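So, here come the structures, one by one.
One chain, chain A, links the two complexes that follow: it is found with chain B in the first and with chain C in the second.
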Partner chain A sequence: MLRLFPLVRAYLRFHWGKTVILAICLATALYVPLAAHGLVRLLQQEMTQRAEATPLVIGAQGSRFDLVLHALYFRTEAPGQVRQAERFALEETGRGAVYPLHVRHRARGFPVVGTTLEYFAFRGLGVEAGTAPLRLGDAVIGWEVARSLELRPGDRLPTDPTTVFELGGAYPLDLRITGILERARSPDDRAVFVDLRTAWVIDGIGHGHDDLEAADAAEGLIARDDRHRVAGAALTMATRITSENIAAFHFHGDPADFPLTAVVVAPTDARERALLLGRYLDGDGAYQALRPPEVIGELLGLVVRLKRFFDLHHLFLLGVTVLFIGLVMLLSLRLRAGEIRTMVLLGCARGTIFRLTAAELVLLLAVSAVVAVSAATLTAFVAKTWIQTLVG
Partner chain B sequence: MAEQATERTGVPVVFTTNYPLFYFTERIAGDRVKLVFPAPADVDPAEWMPEDAIIRGFQEADLILLNGAGYEAWVERVSLPATALVDTTAGLRERFIEITEAVTHSHGPHGLHTHAGTAFTTWLDPRLATEQARAIRDALIRLLPEQAEDFTARFDRLAVDLVALDTSLEEAFGSRPGEPLLASHPVYQYLEARYALNLRSLHWEPDEVPEEEEWAELDRLLAEQPARFMVWEDEPLAETADRLTERGVAVITYNPGAQPPEEGDWLALMRENAARVQAALGRP
Partner chain C sequence: MEIEARDLGFRYATDGFRLAVPRLAVPAGSTAAVVGSSGSGKTTLLHLIAGILVPDTGSLRLGDFSLPGPGEAARRSFRIARIGLVFQDFRLIDYLTVEENIRLPFRIHPALDWTEAVAARLAGLVESLGLAARRCARPGELSHGERQRVAIGRALLTAPRLVLADEPTGNLDAAARDRVLNLLFEETRRIGATLVVVTHDEDLSAAFDQVVDFQNLQPGPA
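This part shows the complex of A and B:
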């Protein structure tokens, strides 16, 4: 049969138009399920990896998926707030390392993640250029943020304002970029990291303003007596923290009441993890403790079920494509009736003619399969970085 | 992110935010740690805002010892590793002295607030200083558990010295119980509380001659508080001292020791303070 291939190859090359159309049809029918399978597997792999690197997430009661996706990928809104007192209580237990998160604001569309310096070591994030945040108003940005916005250490990045329709809302803060993180191929690449206190400054809980005792602050004052000053909206609020005004920044209220959106906890061992989970077994409490691998597993279960439906769909499409190609081959054989008759008259056996047709089909299938597998591999390669940045 | 100092040098690096903490740590840890007190000599560590390079040093430290009680206002304006921070007065909150003479104000939806806070020169009460030193010992033991015995023995010796200091101060201030006293600055609250002093404070600086308005304020205060002694953080200018003498007020220098003295150490400085008090109040 092998000696027939040069003849078949010559035939396919001569009828290149028909060959290309058939190869495209077959390759597409093979590529779609292969690529979908590859992408889903990659998604599963990356999501599982990030989830397994995040042992416990504590947050407000509400959607489990929202809370885990919020804490891991900074994408969804958290179901509610966590008082910082809860973080202190968790630290007090000594059962593991505690990483508070505050993700409520954005800067040029990227999430502003308020956390502590320990988060960087927890995620294995190194600084490519510059330093970690040093003081209020500083930010270290993910690799992707730096690339997209063309930012370097020393540049400024304003947070997105929330005061357009809300006069009492948060003022934008002009962040000073102190550093750029090394590429992590994770959602951390697309985040702007600030100290928790800076996040609270953006919230409006901490702020710097005119000295209320100074004469030029008078127009900002609504009322005053010996011991109290009441300031109005005319009071000038600092929207950029500098060496000159940083001493004027202060926070209102009890730090225990300051808001977080989630707390990631890395228990020291399985026993401590069980004990920590036990703290939140009472479903009536304000907070819940989740194991991201379980929640992400559930989420991926849904994806796999959906994929099964698409697999059936792809199988059906593949069957239709095969029938279509069979039809094309049959019609082709009819068109080639004269050619086949000549071959028979020249002494070619009918079996050889059958083998010729089969070889044509095998070659076509082989070429299509190579194209489909190559395209699916290329797709997975290209999509890998995207998926990693998205959910890795 | 910030590479811990131990990883680079093999010796843990401990940062302190004032000289008393530096001294206590030095007494307890000796050369087992590399000790850093980075505030420049010419600034009050309580009013200080570290430069970026110094903040980076703090970020790389294995242990950051804070005085607490609101002493390091700058700490809430910088990013420091939460796991390295140790507030040496965290267990003393019930003994904090609140400053009530301050203006409150409000703006926005968050209601009234004040920038007043807590008196923070806790180490002036030797018993509180001992508790701070104990917190330092515990933090050092967590950092270097294998040195626990040595640290404990060294702490015990420091505690004995602090008890002796407390006794000498008790004797010095006890020689005239209830004696009306003035202070140039409101920094002696814990001394006042510990030794039941009858003390009223002004806001005078040793290196500035007070304005006439401030002298008038002093005269009004002297009418209420007939003090014969005024406690200063440092020797006042001669002109100030002379005008006080004219009013029958003698100067007692009591250096809180937030910065290292030119000679000697913190304990020697406190002993000198006690001796000056004894010399002034012990006179017939």
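This part shows the complex of A and C:
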């Protein structure tokens, strides 16, 4: 067979156009299922990893998928709100570490995640530059946010307006970036982290404005009596928290009623986890407790079922491609009748002609397979960072 | 290699053409021209001698090899190792270079071993055929005469004991024809091979030791 190789190589090189077309067809037919398999496996790996690093998620009743995807990837809306009282209650049980999450706003398209400093330790997030958000209005941004928006500590990042046409709504807040997180290859890279109180300021629950007691505040006031002051639209609201106005920021209402969108809990052990789950077993309650690995496993089950359908499709595609290549080879043999006749006249066996044709097919297949595997590997390599950032 | 045929008969099943050669004897190392008009069966005779076709009747002996006798595989091995074939239309492989075309028999038959001696013979042949500067060219880039020489090179590389050439001077002018014939004579003489050339050009007869005339199928001296 080896002695035939130079003939095979010469033929494929001479008819490079046909060779390239066939190789592309074969490589594509091989690449698509290979890449799909690689991507699905990577997705499974990364999603499972993030889910397993998140023992329990507590949130409002509603779609389990929405709640878990919200708490893990900050990508979907939470099914509802969790009162902060629930967080306090969980903390009081002492059954595990509690990490409140408030994800309702965005800044230049990136989710603004209100949480506590403990969340960074829980996720193993280190600060690459600057410091964690220590003051109201401070934000620490993920690695990808910093890279995309070219932001550095000290820069400002305004939150996206949520109520453009509602004058009485919450105003965007100009966040002060105090730090940039190390690259985590996770959704945390694409998030803007703020203190919970800052998140509530963006909500409009807390705010800062002109001193209504001051003598020059009259034009912002609509009415006043001994106990109450009623402010009008002319009252200047602070959209940036500074050393000068931070003291003017205050919150209205009972902190126990302040909203969260989810609470991540890391129980101290399996027993505590079971007890915590038991706390939410009553389906009529306002909240639900979910184990992300189970929910993500269920979600991935759907993906795998979908992949099986596409696998069948790819198999069919591969079969059609092989038939197409077979047809081309058959027609090619007809075109090469003269060449084959010459070889036979010289003394070449029919078996050698068969081996020659087979070697061409094998070489073509080998080249296509190398191209397909390389492309699939490259795709997985490129997609890995993307998938890690999205769901890792 | 000596050729001896007796009462050789062959008939094509397709058109019914029948060839009959009562007697043919070509001594080893000699040259013979097979002449006759078109369609008289010259090429058929060449194919019978080469073992490409198998005679229906009679006997054919090439040195110590008899036809018909051994099977197809043995005939193929004998042909590629002991007989050099020059086809009328050259039958070069369009995607192979001059060198690879000449080397083709060694690529397609496991009985032929590529050795340093063969490699040296190839280099010498390419040189003597005047193809040194064209060794990397493909048939499509060659002139008619160059293709002719490549075909002769391919027939001679195995150092055959018998060279069969089918109209090697067809479509050539007188000067080119003489060059090709001289080349064939020189190269076959050098390796001590018997040369049988099919031609319709009876003027060439004088150059050969023997002429097989298909008009009367009576071989005789030129």
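Convention: the second predicted complex is superposed on the first by the 392 of 392 C-alpha atoms of A that agree within 3 Å, B and C clash if a C-alpha of one lies under 4 Å from a C-alpha of the other, contacts with A are read in each partner's own complex, and residues count from 1 in each chain.
By our rule, contacts are C-beta pairs under 8 Å (C-beta built on N, C-alpha and C of every residue); 3 or more make two chains touch, one makes a residue touch a chain.
In this text, all values refer to a predicted model and were calculated from it rather than measured experimentally.
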| query | In the superposed model on chain A, is it clash or fit for chain B and chain C? | reply | fit
| task | Please work out whether A:343 is in contact with chain B alone, chain C alone, both, or neither, and reply first, second, both or neither. | result | second
| message | Is A:253 touching anything from chain B or chain C once the two structures are fitted on A? First, second, both or neither. | response | first
| said: Is A:274 touching anything from chain B or chain C once the two structures are fitted on A? First, second, both or neither. | reply: neither
| request: Name the contact category of A:116: first (chain B only), second (chain C only), both, or neither. | output: first
| query | Is A:366 in contact with chain B, with chain C, with both, or with neither (first, second, both, neither)? | reply | neither
| request: Would you check which partner chain A:303 touches, where first means chain B only, second means chain C only, and both and neither mean what they say? | output: neither
| request: Give one of first, second, both or neither to describe whether A:315 is in contact with chain B, with chain C, with both, or with none. | output: neither
| task | Have a look and say if chain B or chain C is in touch with more residues of chain A. | result | B
| note | In the overlay, chain B and chain C get no closer at Cα level (Å) than 68
| field | Residues on chain A lying within both footprints (that of chain B and that of chain C) | value | none
| query | So in the complex, which bits of chain C are touching chain A? | reply | 50, 52, 73, 76-77, 79-81, 85, 87, 91-97, 100, 104-110, 114, 138, 154
| field | chain C contact footprint on chain A (complex, rising order) | value | 3-4, 6-7, 10-11, 13-15, 338-339, 341-343, 345-349, 352, 356
| query | Which positions of chain B touch chain A when the two form their complex? | reply | 1-2, 49, 52, 55-56, 59, 73-74, 76-83, 102-113, 115
| message | Under the definition above, what is the set of chain A residues touching chain B in their complex? | response | 97, 116-118, 120-121, 125-127, 131-136, 138, 168, 195, 197, 204-205, 209, 212-213, 220, 226-232, 235, 243, 246-247, 249-253
